[in-house]
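One chain, subunit A, links the two complexes that follow: it is found with subunit B in the first and with subunit C in the second.
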Partner chain A sequence: MSYRLIGKDFTPPDLEAKVTGTARFSEDFRADGMAFIRILSSPMPHAQVKDIDLSKAERVPGFLAALTPEEVKQPAPPGQPILSAEPAYVGQPVIAIAAETEQAAEDAIAAVDVELEPLAFCVDPLESLKPGGPNATLGGNISGRGIDYQEVKWTGRDFAVAGDERLPMGNPVVEWNFGDIDKAFSEAAVVVEESIVHASNAHHAMEPRSAAAYWENGKCHVWGSTQSTAFAQPSLATLIGIPPSDLVFFAEFCGGGFGGKAASYPLMALPALMSKKLGGRPCLIRVSRAEEYYNGYARAGFQAWAKMGFRSDGRLIAADVYVVQDLGSTSGFWDFNNVGSATTIVFQPENMRFRAVPVLTNTVPKGAQRGPGENQTANMFEPLLDKAARELGIDRLAIRTINAPGGGGKDAKYGKDQGSVTSAYLREALEKGAERFRWAERAARSGERNGSKVRAVGIGQAYHSAGSNGFDGLVRITPDGVLHIHTGVGNLGTFSYASTSRVSAEVLGYDWDRCVIERGGTARSIPWNLGQFGSNTNFTMTRTNWVAATDAKNKLLAIGAMEMGGEPEDYDLADEHVVARADGSKRMSFADCASKAMALGGGYDGHEVPEEINPLTKAAVAAIAGTGLIGVAKDTLPKDGTVPALAAGFIEIELDLETGKWEILDYVGVADCGTVIHPQGVAAQVRGGAVMGFGLATSERHVYDPAYGRPGARGLYQAKPKTYLDVPVQMGWDAVDEPDPQNPIGAKGIGEPLEGAASSALICAISEALGGHIFNRTPVVTDMIVNVAAGRPQSHKPLQTNCE
Partner chain B sequence: MDEFGPYDPAVDYTSEPAIKELRPGAREATNWKPLNMTRRNFLRGVVCSGIVIAGAGYVFSHPTKARADTRAVDRLVSLTVNGRKRQVDAPPNETLAYTLRYRLGLTGTKIGCNRAECGACTVMADGVSIYSCSTLTHRLRGKEIVTIEGVAAPDGTLHPVQQAFIDEIGPQCGFCTPGQVVAAVALLNKNANPTVDEARLAMSGNLCRCGAYDHYLRGVMKAAGRA
Partner chain C sequence: MSDVMHDFELYQPASMADALELLDDHGKNAWIVAGGKDSLDWFKDRVMTPPVLVDISGIAELQGIREEADGGLWLGAMTTLTEIAESDLVTAKFPALAEAAGRVASPQIRNVGTLGGNLAQDTRCFYYRDGFPCYRAGGNTCYANTPTAMNREHTLFEASRCVAVTPSDTAPAAVALEAEMVIRNEDGERTVKAEDFFVSPDIDITRMTVLEPGDILIGVRLPGKWAGSSQYFEKVADRNVWDFALVNVAMAAKLEGGRISDARIACGAVQCTPRRLTDVEDLIKGETPDEELETLVARVASSGAKPLNYNHFKVPLMANLAKRAVRSLA
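And then the complex of A and B:
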């Protein structure tokens, strides 16, 4: 299908502000009399606050107010409080102080006397599962979405049977299976079985999560850094303790989130609470890089075990997976579940068992990070495919294409229930990438040595669910004929707030220059949209924009019929006019239609709204009712099955066996993201995702001192995200560009699997360069490579985690 | 991630008191090791001993605790920023990034790490790109400072680097972008036609967590022809 706007590049309207420095992030907010907040954070990995003495702090010149854990709402444990009386990781906020200057606030913090009683702690999930092992929180060591907060200990026998090198596998908390794995393993031509460690790593968004707030006329105004605008409003209001209608929320720019700023979070509410205590005085909290590490969440790590059985042609007929997830100190994110579902969709095992235990540790809270669980799955299991391919003597591309879902995904199965997917073209992504990368030719020379250097190629694949439904769209045509597209999508940097908005312009046939995107805060009357996370935006909000524009279209046609006679079906939209099909001279401009809509009132100008739309959308419409022709609707389009975003990555590296240093010679990433709606945007995601993936694969990790529970990777130089010099100068990209049938324009999500495809490709290439040695540990750091090349043992214990 | 009920903290949050008594039988810290009195362990011991913790922030917090007596020295400094003379009242331990953002209202310069790791705070001083988070304001006396706000022409015409970054969609989230722009402008001022490798090296002090290096580099090379 050909479109005027969909699939075409355009200049997102926020770009100029980004390159000129006029883009305002949350720390750029200023107000007269602004007070500064600093926090006292826990020096211990786990402790109980016994007493807080503020008397000295209150005497510090400039001291204004303090907030203690007793004064803020506490979540049911092990939730993440704004301030905690049972800090469960080093760096957890305990007390906040506001003062006239930041220095005064810091001086007052230094003058606080806190009595802390140290408690048992652990930074290794397996330690906590041992009989008598420490619990990370007083109430237990197990949590997770949908899982009771409880204590679970395995038996000494569970550990003894496993020995040092194999994952102990006591009773799981989560277990499901389909098919008959025992029978399938007995029929397998090759079985690979490995124990694996995947590190946690920090999000380290470039913008720390600073926030500012003040109160005026009973409303609370907050500047926050978040990936989502509409979706963050109700949860932030609840954290502050007000109805959403009393929150004026600004989130026009977000300096990186990657899942760590998915919606609201406790620290964002702190300035609002402090400001309230100060009678509404503006308050700002500037968050430092190290504090961002403590409060900025992290990807969950795993200690895992997998056994995979393959037929002689490479088909995966049995998969048995057990993961122990490092949850951090709160209920964390359900990465563990996503390992199970990603395994089913990417590898399509015919028979499978999945078991998991999410364990609390005294490390920073774990949140979703780009492809949570799915990208770890890629890094942990893609090398196992290579191992099987080597043992079977088949090509590493062939073992992937025989298992990957393709052909639209009609036969593809997803998850424990083996449900359907809306579309899947991973096989096509592999084929397209292989051709573009010239896989056959390069694979033939893989392993060639030049002095101490070896060339090697690798392939990776990854998945993330990529779409939801049930949210609202809102557009408005004002009497000047301009189309205002109201969107609650956040500004994460993918530009999908704009590319999804263009669907409204497409439906109405608008010139893009005559469209305005209303976004960035509740004051812009934004509809209830899902957050910009989970790679869902393209699928979910193209649908909301489609239904809202369709509603506007129907109203335009109705007005045309009303004014010019006949029925709405007798008219069409063209050149921003309602035009009679039979007589092109009978036409009425959208501008005139908007004026007429305002005269008509009712549903035409937003004074009446559909019952099913969200209350927040109703409030948004109420604020703009009477200002033009309103198109507003809830997405009730059919959706059946999981929407998968899939990706394949191809990489060639040159690895120096003497130094362990590798250089990426070429990378090509291919996305199965449905219809490409913004080519430059997809290109940026393929390449940016790859850069993040290279870090995930080879350098980014949490390090915790097991003796004192203190972190060793809380700065950028320790967390080691990749720089200009670590990645290729240019990288290739492509997309399958096959429409998803359950989206009106065929779009689905993009961003997350692009990281996992690249990271797992790099890990596989490094293994290939080392003659097929698989590390079973992510990241694969330089000293691990050197150790293998030199035939030396590794410095870490087999299942050690949160270590160097 | 298939089901997205709106996250509702009201469900999670209860009205229980924040500070609770230890429940009977709560496990005590058994893995706490005796201290040997190295300086490092002494510090750890002070913070981890469970006695009163005063000044814990000294060890763990970030805004400087250096309490230099800033009253007895000359705090006034005259800076040239984006071609304008600005009189600034700043203590001697204040960084240029803070001065720009909090005294001169030039919030385009970002603080990403405040310790010379990320480059979001990059500005030019006499044409040389510097990390303003790690340069003291008083050291810039007499130097010509150019921030992101001073890169475009006074009439608003974008610098070729800015235009090229728009054309190539250099920025993603945009937080590192001001620093990337300034670093690129400083490079092209010195070397109007860099090779890709020269550009890559010159830009390597600027981190981008979104990983937009490829697109920024395309922008730099495109601008090189126009600058």
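And then the complex of A and C:
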């Protein structure tokens, strides 16, 4: 299919502001009379607030007001409150104080006398599951999506049988299976069985979650740092305690989120509540880098066990997986479920059992982080494929291609119900990457020594669901003929808010310089869109922009027929005109059509809207009704099956056995993301995902002192995301570029699996450099490599987590 | 984690005389700020809250690099790490120090961070930095040396109640190059050998150097003895940027007729002070560098190490780095 805009590079409209530093983030918002908020956070991993004495704080010059836990809405436990009287991790906000200056606010915080009663705590899920083990919250130790908040303890026998080396496997709270794994294991040519640890790690978004707010005329105005705009509105309004219609929300720029700022979050509501207490006075909370580590979100870690049975040709015929998830101190995210589903789609096991227990710990709350669960799956299980390949004597690429879904995905199975997918080309991604990377040639020289250095190659694969449906699109053609594309998806930094908006321009035949993207806040009349998370934007918002533009197109054709005679079918759109098919001289400009729409009113200019669109979209349309020709519609296009984004990564490294250091010689990432709508966007996702993945694989992790529950990774130099000088300057990228049949332009999501493909490829390459040593632990940190190379045991216990 | 500094008086003297007078006036209440890269974290966290700051960055006398009569160099304490890393003089005469300076932190930090600050910086023990009331902070226990403590980056040697290590990259180079630290206070000037500049916890557990209230490290003199010798520096850290050494090594050596006639070698991040590897020095003097010597070097380099819970990897790493230093002479 040939497109004018789709598949072409362009300059996203927010790029210049970001490059030149003129972009304004939440922390940059200032207003006359602004008050500044600081928080008193818990120094203990688990405690109960017994008494708060503000008398000295109130005497600090500049003190304005304080908020305490009983003044804010408390969610049902183990939800995350804005302020907590039972803090469940070091750094959890307990009290907020506003003052004339930030300095005064901090001085007042220092003057607060708060009496905390320490409570039992744990930073290791397995410790909590032991008989009599500590619960991270007073009400229990188990939670999670679809799981009752409860206490679960395993038996002493469960732990004794497992010993120190193997994951104890007491009763799970999640269990499903398909096929007959016992029979399949009995028929397997090779069975690999490993216990594994995957660390938790921070999101490291460049912009901390600062927020500002004020009240005016009954409306609450909030500046927040979030990946999403429309999707954040209702939940933020709920946190503030107002209907969404009373919230004016600004979120023009977001300095990164990686899932940690998927929508709203409790801290974002704090300035609004403080402002209300101060009679609407503007309030700002500036969140520091350290605070971001203390009370931001993090990826969930796992203690896991997997047993995989392979046929002699490498086909995975049986998979048995058990994961214990570190939920953090709240109900967290459902990474555990995603381990199960990712295993099914990437490896296509013929028979499988999945069991899981998500356990609360007194650590930073866990939120979604790029490929939540799916990328841990890659890091935990891709090395097992290599181990099986070595034992079977087959190529590491071959064992992946024989299992990977491909050919469009007609035979691919997904999830516990073994449902269908909209398209899948992972096998093709592997083949394309292998050719570009010259896998056969490089694999042949893998293991070559050069002094203390070893050259090695690795492959990784990963998955994330990549599309949703049912949201609204909204476009407007104003009397000057300009196309306004209203999008509420948010601006995480991927530029997909812009690339998906171009679909509307494509449908209507617009030149891109005649289009304006209306975005960045509810005041811009944004439709109800899903948030910018979950790699869904490309699929979901190309559909909404397609249906909105199609609605506008139909109205243009109707007006053309109305004005020039005949039926709408007698006309086409060309060069911003409605043009008669039979006579090119019969034409009416879009600008004139917009004026006509305003004269016609009704559905043409937004005074009437489809019943099925979301109330927030209706409110947005109402605000612009009468200002042009309105195209608005709900995405009711067919969708059947899961939309998978898949990726393959190929890496060559040189590892120094004397220092444990490695250098990446080459990396190639290939995305199965449907039609490529923005090549530079895909390239940025491949490269950015890889950089993030290399940190996930080898240096990023949470460390907690188990005796005091205090975190060790509370700054960039301790949490250790990779930097430009740790990664190659050039990295190769490609895409399968096969359209997804359930999207009008064939697009589907991109971003998340590109991290897991890179991280698991690197882990596999390190393993290869060490003669196939399987670490069964992510990240593979320098000291672990040094120890293996020197023939020494590791310092950590096999299943220890949140440790060095 | 407050991120909002406490109130303090800030003085920005333009001369050494003024700076010394200010330090004398305020005694223990004064804190010297050079590049500020170590200080500001302490203040923002409100773990250290000195009431008086003396910013010495405006004192011209503390800047710059110049040649000395003996073929050595004088390095002003306020000379930035970037200036040292990129200096033709330092690179030509003392490449171990140039490389060490070039591996500190990140390019941005090196542009602001100073040689004096890097040498005199406090330890990075995360318990101490977190405000735990440990020995070093004036308390009565070490939180990093318990049966369950996280101490991957802590000592192998010379622990005395405290198990924190020197985090400096330039410090082992200074020791290997027999640098002399020139210190001035209201009473005059004194010179301290690099080896004696760093203080182990059995001498004074609350500080890392001999610097006392009122003292300013004004510069570092690198004697001509090692100028142009065979030198080596290597740092192993998890990241290539903004990461403290797991172990680093610096060596200066002279070869005559293919044999090692003299050598000094020191490692950082293995004890509270830079550790001179005297066993290695004794071993290699008079020897021809070859594989057998490397094996012997590895055998003695980390001998006597007493690892903690999570840092026994430093034993082979230290041995390997010493071996690589000697290998560079072959």
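Here is the rule we use: the second predicted complex is superposed on the first by the 804 of 804 C-alpha atoms of A that agree within 3 Å, B and C clash if a C-alpha of one lies under 4 Å from a C-alpha of the other, contacts with A are read in each partner's own complex, and residues count from 1 in each chain.
Assume a residue touches a chain if its C-beta (ideal position, glycine included) is under 8 Å from a C-beta of that chain, and two chains touch if they have at least 3 such contacts.
All figures in this text were calculated on a predicted structure; none of them were measured in a lab.
Residue contacts after overlaying the shared chain place A:396 against neither subunit B nor subunit C. Look at A:468: by the touch rule set out above, it reaches subunit B but stays clear of subunit C. Of the two partner chains placed by the overlay, only subunit B lies in contact with A:72; subunit C stays clear of it. In the superposed pair of complexes, A:239 makes contact with subunit B only, with no contact to subunit C. Between subunit B and subunit C, more residues of subunit A are touched by B. Of the two partner chains placed by superposition, only subunit C is touched by A:787; subunit B is not. In the overlay built on the shared chain, the residue A:519 is in contact with neither subunit B nor subunit C. Of the two partner chains, subunit C is the only one that A:659 touches; subunit B does not reach it. Contacts of A:41 after superposition on the shared chain: both subunit B and subunit C are touched.
With both structures placed on the common chain, the touch criterion links A:453 to neither subunit B nor subunit C. Once the two complexes are overlaid on chain A, the subunit A residues touched by subunit B in the first and by subunit C in the second are 38, 41, 91, 102-103, 106-107, 109-110, 286, 288-291, 707-708, 710, 715-717, 722-725.
Here subunit B touches subunit A in the complex through residues 1-2, 4, 6-10, 12-20, 22-23, 26-33, 44, 47-65, 67, 101, 105-115, 117-118, 120, 147-149, 151-152, 158, 161-162, 165-166, 169-178, 181, 196-197, 200-201, 203-204, 206-215, 217-218, going by the rule given at the top. Per the touch definition, subunit A reaches subunit B in the complex via residues 11-12, 14-25, 27-28, 30, 38, 40-41, 43-44, 46-49, 53, 56, 68-70, 72-76, 79, 81, 83-86, 90-91, 102-103, 106-107, 109-121, 134-135, 138, 204-208, 231, 234-235, 238-239, 253-258, 263-264, 286, 288-291, 338, 368, 372, 464-465, 468, 491-495, 530-531, 534, 536, 642, 680-681, 683-684, 687-692, 707-708, 710, 715-717, 721-725, 727-731. The touching residues of subunit C, when paired with subunit A in their complex, are 1-5, 7, 41, 44-46, 106, 126-127, 130, 132, 143, 146, 148-152, 234, 236-244, 246, 309-314, 316-317, 320-321, 323-324. The touching residues of subunit A, when paired with subunit C in their complex, are 38, 41, 91, 102-103, 105-107, 109-110, 286, 288-291, 294, 452, 658-661, 698-699, 703-708, 710, 712, 714-718, 720, 722-726, 781-784, 786-787, 789-790, 792, 795-796, 803-804.
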